[in-house]
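One structure is given below, encoded as structure tokens.
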Amino acid sequence: MAGSSFGKEFQISTWGESHGPGIGVVIDGCPSGLSLCASDIQKYLNRRKPGQNAYTTARKEADEAEILSGVFEGRTTGTPISILVRNTDQRSHDYSQIKECYRPGHADYTFDVKYGFRDYRGGGRSSGRETIGRVAGGAVASALLKELGITVTAYTKAIGPYEIPTEEYDLSAISSSPLFMPHLGYSKKAEAYLKECMEKKDSSGGIIECIIEGMPAGIGEPVFQKLDALLAHAMLSIGSVKGFEIGSGFSASRSKGSLNNDAFFMDEGKIVKKTNHAGGVLGGMSDGSPVLFRVAIKPTPSISSMQHTVTSGLEDTQISIHGRHDPVIVPRAVVVVESMAAVTVADLLLQNMHSSMDGVRRFYL
Amino acid sequence: MAGSSFGKEFQISTWGESHGPGIGVVIDGCPSGLSLCASDIQKYLNRRKPGQNAYTTARKEADEAEILSGVFEGRTTGTPISILVRNTDQRSHDYSQIKECYRPGHADYTFDVKYGFRDYRGGGRSSGRETIGRVAGGAVASALLKELGITVTAYTKAIGPYEIPTEEYDLSAISSSPLFMPHLGYSKKAEAYLKECMEKKDSSGGIIECIIEGMPAGIGEPVFQKLDALLAHAMLSIGSVKGFEIGSGFSASRSKGSLNNDAFFMDEGKIVKKTNHAGGVLGGMSDGSPVLFRVAIKPTPSISSMQHTVTSGLEDTQISIHGRHDPVIVPRAVVVVESMAAVTVADLLLQNMHSSMDGVRRFYL
Amino acid sequence: MAGSSFGKEFQISTWGESHGPGIGVVIDGCPSGLSLCASDIQKYLNRRKPGQNAYTTARKEADEAEILSGVFEGRTTGTPISILVRNTDQRSHDYSQIKECYRPGHADYTFDVKYGFRDYRGGGRSSGRETIGRVAGGAVASALLKELGITVTAYTKAIGPYEIPTEEYDLSAISSSPLFMPHLGYSKKAEAYLKECMEKKDSSGGIIECIIEGMPAGIGEPVFQKLDALLAHAMLSIGSVKGFEIGSGFSASRSKGSLNNDAFFMDEGKIVKKTNHAGGVLGGMSDGSPVLFRVAIKPTPSISSMQHTVTSGLEDTQISIHGRHDPVIVPRAVVVVESMAAVTVADLLLQNMHSSMDGVRRFYL
Amino acid sequence: MAGSSFGKEFQISTWGESHGPGIGVVIDGCPSGLSLCASDIQKYLNRRKPGQNAYTTARKEADEAEILSGVFEGRTTGTPISILVRNTDQRSHDYSQIKECYRPGHADYTFDVKYGFRDYRGGGRSSGRETIGRVAGGAVASALLKELGITVTAYTKAIGPYEIPTEEYDLSAISSSPLFMPHLGYSKKAEAYLKECMEKKDSSGGIIECIIEGMPAGIGEPVFQKLDALLAHAMLSIGSVKGFEIGSGFSASRSKGSLNNDAFFMDEGKIVKKTNHAGGVLGGMSDGSPVLFRVAIKPTPSISSMQHTVTSGLEDTQISIHGRHDPVIVPRAVVVVESMAAVTVADLLLQNMHSSMDGVRRFYL
């Protein structure tokens, strides 16, 4: 199956392995006339680059984006935008260990079963480096959304047990926190917790929250292409994501209709909701409130503690994964979540344009 | 956008409104030679029928399935299977209230914004009756899976605050519990809780869990068509679902790598995992363990308590929704969850057949 | 593969076999607010009905369309439109002959090879009756196009050796000709030729031409979703079609650039072409001229002359196909060509709406 | 619309403009374990390279393929194969003429209408250089087909008025003819004709024929994904193609059923046809005979004779297109036709694997 594409009208197709010549994305369906240059993309890529602080891998990756097509004189042309990032930091490692052992929590075993063999140099196709293509695509989608007044903002809500209650958010703190948390106190505690994890050769999970503001109502298709269904698809397609919830999410399952329903009110001629348990989506379509969702990220599976596992030759063995691994994936995944959300929304915005004959007539007549 | 289809190789396309002439589904891509008759489908539809106990609406719906194509002499022919269920219990209601008011927690408002108007008789396209098409599709998918030794089983894990701990499960209780809970004690408590909700003109949410057993390893595509990503998409496409988690899910976010990784072991010549925090999916592909996921269902939004809302004429108003509504959606949604999971797995099983040249050669040479 | 759908934004999915309970189509992606009733569809279906004159089969088929969803109070709702036509004239034939013999020129053999068995009552899925779904879909697409001032007109250009030169067309004759030919003299000759074919237990092929007028320029996507490529796909997907050409078509292959290029001119402030060798398409996008194409239809393969063939038991045999067959498929295929062209154009018109940011901004801001 | 992809299971997505940094393709869905290296692709690209003889443009284009992903240790991994060809011969032309004038027979005007502006350096996205991506994709598809004993061979059947009758074919001549014609006598005449065209600042069209041998029966889906419908789609998606016919094609329209039907016979235990008017396809599925089709190619629209046209500023003007243009597109298009046919067949072969439960059971049980 051609499974490396996401989106229907605004579509990203990623390609590339962690230790091959490069990583990239083709963005098909971006409308013409959008201002775009390489630095717009670079800014996004830089946010997922490793080596930025103590809690991300020390690997050096240049990750420089080259736009190969689809942009002319600073504007998109309406044709596919191909973006290439060369892989550079490919040390001549000894891969014999992971060539023959299946790392717990990784896709080594499932790749071998499915395809008969695998590119065993690092994660190959299931490496986090694949997300470079997603982030480049997200940069383009975000540029499109920005023109329509829509912003997508993701941040770290929790690291391990340190979860910031919504009422304590300080969004201005996000950029100062090395973990992109909207609360410097929680950020400090989380940093200490991560240091402890690292010392114990262990790793931590966390939660990323994302808010989409400026959404017009009616975006999303009512049955299988629901806005929240596509967001869930987009999020679970990111490696290490184990859960998704929109609005009140799992806590809605413990609530009652009288509490969970968001009443409508008129406010200066506009229909508004005073609460947002729905997370901005009713029946799969945006309702004009901010779209709010969370994703659960599992702890980095690469840890240097000794773990039991098996070899491809079907023998029991033990493995300790050395190398430069993030003790937590969350901070670098923030921009990936944001990117995939932007792609999803851009795609549904384009689809929505031909929902009614009113729109079609206005366009053509 | 043509948004009423789900699946690529094994695809279901539902159609129909709650108060139109009927509801149906076209299943395209089902292989030829699968034994199938109308009663296989009817058995599934009966599980979502209302009026079966005190906790589901008293509406009478015959919901009789007619197979219109794609089956000949008791076997599928490989061509599209069209299934029709006529709508019968369409009382001549007075719809003036919901015609003009936007029910909180429903899609009335978003439909009007998107399409300019809506079929205001009941939920129209966003009615729970749309799931009849999904369940009919799920019945066919399940028949296919059964031939390959794969079973999909969903049940109620929680109703409101009553959540059964995994270690207390008694799966044999599911069929005796009117709420499809795997523990009769919890079921009793949940029933009492629901009665209380009904008396207070209120409703409850809950959690459905689903387990897929007998899965071969390697099913799912590694990037955007991950098994868990498609399951999340499928689940969030069901009305009232607000969250999805696979394996340890959100609790993985609070865990550590050393605890959350599932070690591999050899067991009688086979690779196995002793724990299953991953929920049976590694890198988006099944790992041979049972696939286990949960979905959060919000409380039924239709409640007879008075609620504040607005009219389509943009005036504040109040609404109390009378009629025959489920106090909790969960029990009737169990078979919908099971059906969508079956469709997702059938689809990915077919896609997986051409993953490697070994398989292609074996087929053609 | 789910291969019974055509179109991306405006999509038709047909289902049904000639001798099953019914035939139908689901139209997904039709914008809301289009005026539509059953009689709009019936008018199109009546044009392909058999039994209308001496040159079509004498079978009686009621072919009454029922709209099952997607239309409310005379307008489309934006949700899938499901249309059902019950099969009625299913005489209890003796099918033993075609059950065991592979009819030359039919799909009996290829169906058996692909699927292992087939619905041997008539053509099953490859019957001409499958086009009922296409024509119903075409009726809806045509209603959409009509609102935008676009008309699609197909007619018979040739029956066997009787081909009307373009310069002799009399389009007003089409409705008077039982063969839908734009020239009554040629029609008479063709009718005599068909009578002769029938007497000799033989059949004839022919050519259908189709013109799309009122097309705005710029419709079609420049690479794989070219307007002419999709028209070719649509046409060759109709049973018995063996060729497609646009504009000058095959004669362009014998021409020169200086003759075949259509010069542009200004005419009352508009860009026009005085010739139309291109057939209204440049680089896969409409150029504002009428879109003109032709399709070649093979002779009806069902003839009552004796033919050599083989049995499914792999023995040589002979077959003479009795029954009520059209001596020529062309006249009844005219509305099928028109319908598939309308669906193709409607689909591309919707896709084109998000080609440029100008359009996107105009829609949302 | 994301319109730059072709194929469902074996999918190619091309990107790139003639004068941007490069041209490329992403091939998604190629099974793992197929032997592949850059030289396999280079061989195909070299066949479409210009400058090989007097009848192709003298432009020098290195067109060196780099495989960026999806291949490891000489075998495909099952993940997307990204192939990049840098554009090198980009002279600093004066593009002012074609920037402001719409070249007759080109897509300049339609691009401007659709997208608001265009990359005016050469053909941009509608340049023949886009086919580099297709040919690279075709090289991979051909490698896959070769393993299954299927070969695709295209050649020039006609240049302008010089059409080789089928009964005079000498396939061994193809490689000696600079025009890839299966008859050296016709080739000589066609060469003389082309020289004359060039002297008169004119160009010629022609016909390419393609034969697919070794096809198993049953390939293709019976309704909209018919083998011949997809081939037609593939062919008309190639710039300059104006017609497609399979088997007897347009001449079938002048024939009779008794002549056009291909009788089946038993031959050494196998079902065969002695004639092949069908062109190897019955009901959209391969019938075991060779698949044979033809495409009509229009004369190169770029000619140095003076032509009337208009400017983007809406003024009448004249244009004479200088530069290095092919006097006929046909010889360089032969490998493009072959490539697109190979992609189409590879795609349908993969799809066919899950047509019947027999195949599914054999694979999984």
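Note that the chains take the letters A, B, C and D in the order they are written out, and that residue 1 is the start of every chain.
Assume a contact is a pair of C-beta atoms (placed from the backbone, for glycine too) under 8 Å apart; a residue touches a chain by one contact, two chains touch by 3 or more.
Protein identities per chain, from UniProt: A, B, C, D = Chorismate synthase.
Computed from a predicted model, the values in this text were never measured in an experiment.
The chain with its C-alpha centre at the largest distance from the centre of chain A (Chorismate synthase) is C. Interface comparison, B-C versus A-C: the higher count of C-beta contacts falls to B-C.
Mean C-alpha positions place chain C (Chorismate synthase) and chain D (Chorismate synthase) at a centre distance of 26 Å.
Distance between chain A (Chorismate synthase) and chain C (Chorismate synthase), defined via averaged C-alpha coordinates, is recorded as 45 Å.
Separating the CA-averaged centres of chain B (Chorismate synthase) and chain C (Chorismate synthase) is a span of 38 Å.
Shown for chain D (Chorismate synthase) are the residues that touch two or more other chains, namely 1, 3-5, 8-9, 14, 29, 32-33, 78-79, 114-116, 125, 222-223, 351, 354-356, 358. If you check the complex, the residues on chain D (Chorismate synthase) that touch chain B (Chorismate synthase) are 8-9, 29, 31-34, 76, 78-79, 144, 147-149, 216, 222-223, 349-351, 353-365.
The touching residues of chain A (Chorismate synthase), counted against chain D (Chorismate synthase) in their complex, run 1-5, 7-11, 13-17, 20-24, 26, 28-29, 32-33, 66-70, 72, 75, 77-82, 84, 114-119, 124-125. The part of chain B (Chorismate synthase) that touches chain A (Chorismate synthase) in the complex is made up of residues 1, 3-6, 8-9, 14, 102, 104-107, 109-111, 113-116, 125-126, 130, 158, 160-161, 163, 197, 200-207, 217-226, 228-237, 239, 242-250, 252-266, 269, 271, 277-279, 282-288, 296-303, 305, 307-310, 314-316, 351-352, 354-356, 358.
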